[in-house]
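Shared between the two complexes below is chain A, which has chain B as its partner in the first and chain C in the second.
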Partner chain A sequence: MKDNFSLRIKIAYIFIFVFGAVIATRLFFVQVVHSNDYKELASRQYVAPSAGYFDRGAIFFKKKDGQLISAATIKKGFILAINPKILNDAELAFTKISAVTQIDKDMFFKSAAKKSDTYEEVGRRLSNEEADKIKLLKLKGVDIYSEGWRFYPAGSLASRVLGFVGFNGDKLEGRYGLEKYYENILGRKEDNGGSANSFAEIIMDIKKTVSDNTPNGDIVLTIEPEAQSFFEESLRGVLDKYNAEMAGGIIIEPKTGKILAMASVPNFDPNAYGGTKDLSLFMNPSTQNVYEMGSIMKPLTLAAALDQNKITPETTYSDKGFVVFNNKRIENFDGKARGTVSMQEVLNQSLNTGAVFAMQQLGKEKFLEYIKNYGFGEKTGIDLPDEVQGLISNLNSMRDIEFATASFGQGIAVTPIEMALALSALANGGALMKPYVVERIKSQEGLDKNIEPVQKRQVLKKETSETISRMLVNVTDKALMGGVYKMDHYTIAAKTGTAQSIKSGGDKGYNEEEYIHTFFGYAPGFDARFLTLLYLVKPQGVKYASHSLSEPFMNITKFLLNYYQVPPDR
Partner chain B sequence: MKKGKDKIFIITVLIMVLAGFFILFSASMGLLTREKADFSSIVLKQFVFGVGGFVALLAASRINYKNWQKFALLLFLFSFFLSLLVFEPHVGFGYGGAKRWINIGPFTFQPSELLKLGFIAYLASWISARKKDIKSFKFGLLPFLVIVAFVGFILIAEPDIGTLGVIVITSALMFFIGGGKFTQIAVMILLGLALLYALVLIKPHAMDRVQTFLNPSSADVQGSGYQVKQALIAVGSGGIYGRGFGMSIQKFSYLPEPIGDSIFAVFAEEFGFIGCVGLIALFLFFLYRGFLIILRASDPFAKLLGAGILMSMVIQSFINIGSMVGIIPLTGVPLIFVSQGGSALVIALIEIGIIINISKYG
Partner chain C sequence: MTKVLAGKIENQGAKKLFGIVIFVIIMAGCFYLYFLGATIKGIINSSDNTKRLQTVSSEYQQLEENYYTLLGRFNLEYAHSLGFVDQPKNEFAVREIAVAQR
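== the complex of A and B ==
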């Protein structure tokens, strides 16, 4: 009997042992043979649905009345995917799905034919209704997953400032513009996304939440959408009219450094940035390119000489039509001599010889000091990514010719944003401000942060600012296209510039036929609300900026005066 | 042969309990990211139950196992009564579509855990008392089936098909060990299959799971198929070596019940094929050492009681694991020593205490 018992218990043991062995065999297939399939399923599970949780801080334009207009937001939709392994009747599935939403037929059948695959995306960004309808079809092997993506409601508006969100490797993040600069504010950590978790990481996360000083937030721009929109339309008009390579510009509040509009055209649609062939369109030339700005430099040269009491508007010099330095001849734009002329006329007629005279009165050392004080050769610190600084190193040689050409805006190349800030000092009483594009960070966790204007330094005396403004108003009233743009009730300070563009390829020298037109102006002339800087690269069939940019500048300025309801000042 | 405590058996149990605790510790991390997660209280609770369980183990190891024979019927009826209480709305407590718990003061208790022990004890005493009659139909198989059916009804009503499976398989094996004929066993297997079929037809809950089991891809992936699919993803993505202790990803988001019935999937993801085979081997070694103890016992009741306890524990664990790897329909029985759950842990340790007590006698 006892033997019988031990035999039977052995049989029972074998029974359970076999049970365990069956499980182990199954485990072998799941964990060893097919492990990669499951790993792929797992990682897809962590990656694909995480797109559904895609989240990112919003970006807002701010209208003049304080109303926030969405510039960048999150849109939700659905991914349509098939599982070719279990999708039996691809023909039927296609017919039924096509009745609901448009899908690419070739791609669909190509995907459906990959019988060994378990996941093939056949449609993206489906609407809620479409997704519901497809779910109701209850097609075997057809799946719907939610997804979210960055959406820019205003399309291409301010795209070269906003940038976009794209893949950097396998990470979705801000790639250009504000999206890049404010990545740490706008970006949201995927909760337990694809990365492996460990105790250590969890502890780190907890620690990070406690000590994180860059909270999740939204950002509010200084950019005014109506102004930006009007500005871009104007620029596009000029671009098309003169068949130019690029038209760009900045509208800035001189007293604060707030950027009200910043644009360059052509631009791109950040909702479909993939279709943009020319990657340079993603850059912002106002902060990332340098140009020889030409005669808009002259008011800065004269203001420096005025500031040191070396000249007055009435100071005269003898214009021979040219000057010679280091065996190089510098001429006026028309090469003509004008005899005895005043400093006011130097601006009115844009005389190169006069700018050189003013610089000489000031002296090279002082001139260089002012150039640096104006912020040239120094990053403005604007809150946009990858800003470059102006190239003024040729002045370090202290050669007369370099200083002579620099006095009227050639030989030194600066960024438009540097120039806009230096010119703002003429308009705002002589202060060099720090420019900014974001005026408020709306925090999700804590207090909102308002960005206040920052004055970097005082460049000019207040009186100098008034004097140069008076001279520039005189330019508009008397000289610009013969004074046709004079406004009876508003004073407008302005100056044009035309520079030959640097030969591409880096050789020193200029292209005879290729020009950069520049224009700046501010209004009202003695209490400037906005300063507009325009630049037009390689326009065709027009020689002077006064011809190409005066009208767009005046249209923009009139729009701004009207839109902001600025009271007349004369 | 020297009679006495089997140290290797005790050490094996200690290893299992400790391993179970660490697996639970890691798996419950997954709850940190979920709603109402209370990681520390879960771990602490399990620890307290573990300590309490060892006290109960020591107590049980000092109670002469013969008492279980004396009180077998009483214990069985008591546990049966408790099991009926889950249907009583004041103390009964349902969760996840099944009524399996009762409230006792601040605790919830799963009476089917006790029912298993009560039933095994009663069956051991019943079979050992009918040594000669067991081979007959009228006095052996028929009454045996009636007793099993008695318990079966209540477990089907809860429903707790997993526990029923454990009880049916264990009792069939006990019947066989106790001297049942091979033909009787064959009849039992056929009858069992027929019953299972009937059960599946009348219980939508069970039907669902069987369908999921037979055809995983057709099943509603958000419904009953979901847990199986997610468990398989966890198990499969563990690979040969696993992601490493604490590194399971599935436990954080997709896997339902990571500290309960699905805990094996978390373990498999973290420790891989090697760890899984190791765990199965540990259970088989545990069974082996346990069987050595009961082989030394002379009392038929002790043999049957011990065999029933040991087999039920291992079978239950294998049913749990089997459902996680998709070879058995998902039922929802805990993994012994590992899954979170106070009643299961305490009763399992009491059962170990009984085995230890048996080892003291010859």
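== the complex of A and C ==
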């Protein structure tokens, strides 16, 4: 009995030993003897990502119905590479490959001749179909690797807001615009794994989850693609018509500070930014340039004086056509006197002397206080990179002439976004809002972050906002190009501005024949949904903004009222 | 007698242990086969899904590109070229007196 049992144990031991030996021998053949064959076979079974496979979070526009449309995404394709060391018949390989996709013949043979190299890229951004066909050719020494690259499906749309991804040294990262500002959210740490199959991916994903604390995510913009597209088309039209140096603008929701559209033309195609010779096109002038905005400043001056009960719309003054401060003469745009005129007429006829009068009623200290409260001279805090602040330091001198010119928008230079925010206070009941371009950060970990409107401070009383809005609606209805743009069923508050441009190259003073045209307006006038600010730099053959920008403004406003189905308010 | 009993008990203990070892080996083998199979199935599904996802996402990208192309084309001029005519006067329905007051 005992012998029988021992025998069975011995047989079991022998069986286990033989089984182990068979496995070990098989492993030896698989891993050592036929190692290269299996590697070759495996490399044909899956497509390996190229080393440093590019990955990055997406940027979305948000349509009015909430639908997200990609503004920046990752496009996937394939790299065609050869291993010259094992590529035997380069001629045959080229003939077969070029029947599937176009490749540079010279470059291919030059690469194939580098027999000491093991990796030479001969084609990039191949499609799925092309990659599949090349794989089926089963050419020894020809490999396919997947790759990804930043792609902007809308081309140049909102390019000066989006920015682009480019090399900073040897690292690909956001270089301008939102791509730069949200680098920490959009950027992805490079996987060092290089090649990967699904097994490796599982392990890599676990490792990433455990070790990576960076909040990877996508961003959703406040920018509405159709409004942005219409806006850019309108700006391009006015740029071409007046052969201007630049046309730009902002459409903002005055109540929230949400940017619905922001553009400046000319712009660039971020998919091919390398072809852009003028590097200034990468900047966003709405946040990175300052301009003397001209007469669109007048409503802000008058609103400040109204807010302090120093004037009313009916207050009159005697207009001699000019005023003199510090031996300098300030005239109305036409140099003409109008006699006794009301504050409403100051806006209707855009009288410089009237704006100076309102500022004087307010007093220099109070005026400066309002200028600062409107947010001039401070960054708005918009989520775009390298924002600059307005230049209002000349008001610190307390010289009369500086305050006089500032009251009608000359002598102080502000960014368009600063101006849009200050003007929004006229439209929204007097609040200075913080502007924003991103309204949601979609986290890959599942906890999305919504960006809510932020009120920085109350600048004007609600009643002041209503009064100045009424005055500005009157400007559109009666004064703007003789009232031809009046809309019967919508109230539109608006004001034009024309300022001489500052001499460039460090010279002091203004260019006599070069202007910056500005225009702002909001609708509906007493419950504003949108505020549009336009600026046109150095237009040719047109002197006043009322001639160059009224029509584009009205077209944009009509589009917005229709598109957002805003009900009539009168 | 005591010796014989002790030998029997020892034998039975070794047999039991041997049985447990064989059972554990068989179970481990079975589990190995099961998990290996499940993993391979998972990988196949995953690569199928990845491929499908890639196709769908490239189709989606194409649709988005088309959307942007159309966005640039559909404007008022295009509408006019197709025969759209602006309404000369907008008329809005206005209820001047509430129905209940009539």
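Points worth noting:
The rule we apply is simple: the second predicted complex is superposed on the first by the 449 of 570 C-alpha atoms of A that agree within 3 Å, B and C clash if a C-alpha of one lies under 4 Å from a C-alpha of the other, contacts with A are read in each partner's own complex, and residues count from 1 in each chain.
Here is the rule we go by: contacts are C-beta pairs under 8 Å (C-beta built on N, C-alpha and C of every residue); 3 or more make two chains touch, one makes a residue touch a chain.
Values in this document were obtained by computation on a predicted structure and should not be read as measured data.
In the superposition on chain A, contact of A:9 is made with both chain B and chain C. When chain A is checked against chain B and against chain C, the one touching more of its residues turns out to be B.
Once the two complexes are laid over each other on the shared chain, residue contacts for A:109 go to neither chain B nor chain C. In the superposition on chain A, contact of A:35 is made with chain B only, not with chain C. In the superposed pair of complexes, A:157 makes contact with chain C only, with no contact to chain B. In the superposed pair of complexes, A:23 makes contact with chain B only, with no contact to chain C.
Legend: residue contacts after superposition of the two complexes on their common chain; A:140 is shown touching chain B, with no touch to chain C. Contact with neither chain B nor chain C is seen for A:563 once the two complexes are overlaid on the shared chain. Once chain A of one complex is fitted onto chain A of the other, the partner contacts of A:230 are limited to chain C, with no touch recorded for chain B. In the superposition on chain A, contact is made by A:75 with chain C only, not with chain B. Across the superposed pair, chain B and chain C both touch chain A at residues 5, 9, 12, 46, 198-199. Considering their complex, residues 2, 5, 9, 12, 46, 69-70, 73, 75-76, 128, 151, 153-155, 157, 198-199, 225-226, 229-230, 233, 488-489, 568 of chain A touch chain C.
Residues of chain A touching chain B in their complex: 4-6, 8-9, 11-13, 15-17, 19-20, 22-24, 26-28, 30-32, 34-35, 37-39, 41-42, 45-46, 83, 85-86, 140, 191-192, 196-199, 202. By the touch criterion given at the top, residues 7, 11, 15, 18, 22, 39, 43, 46-47, 54-55, 57-58, 61, 64-65, 67-68, 71-72, 75, 90, 92 of chain C touch chain A in their complex.
By the touch rule above, chain B contacts chain A in their complex via residues 29, 32-33, 173, 176-177, 179, 217-218, 232-240, 243-244, 246-250, 252-254, 268, 272-273, 276-277, 280-281, 283-284, 287-288, 291, 294-295, 300, 303, 307, 311, 314-315, 318, 321-322, 325-327.
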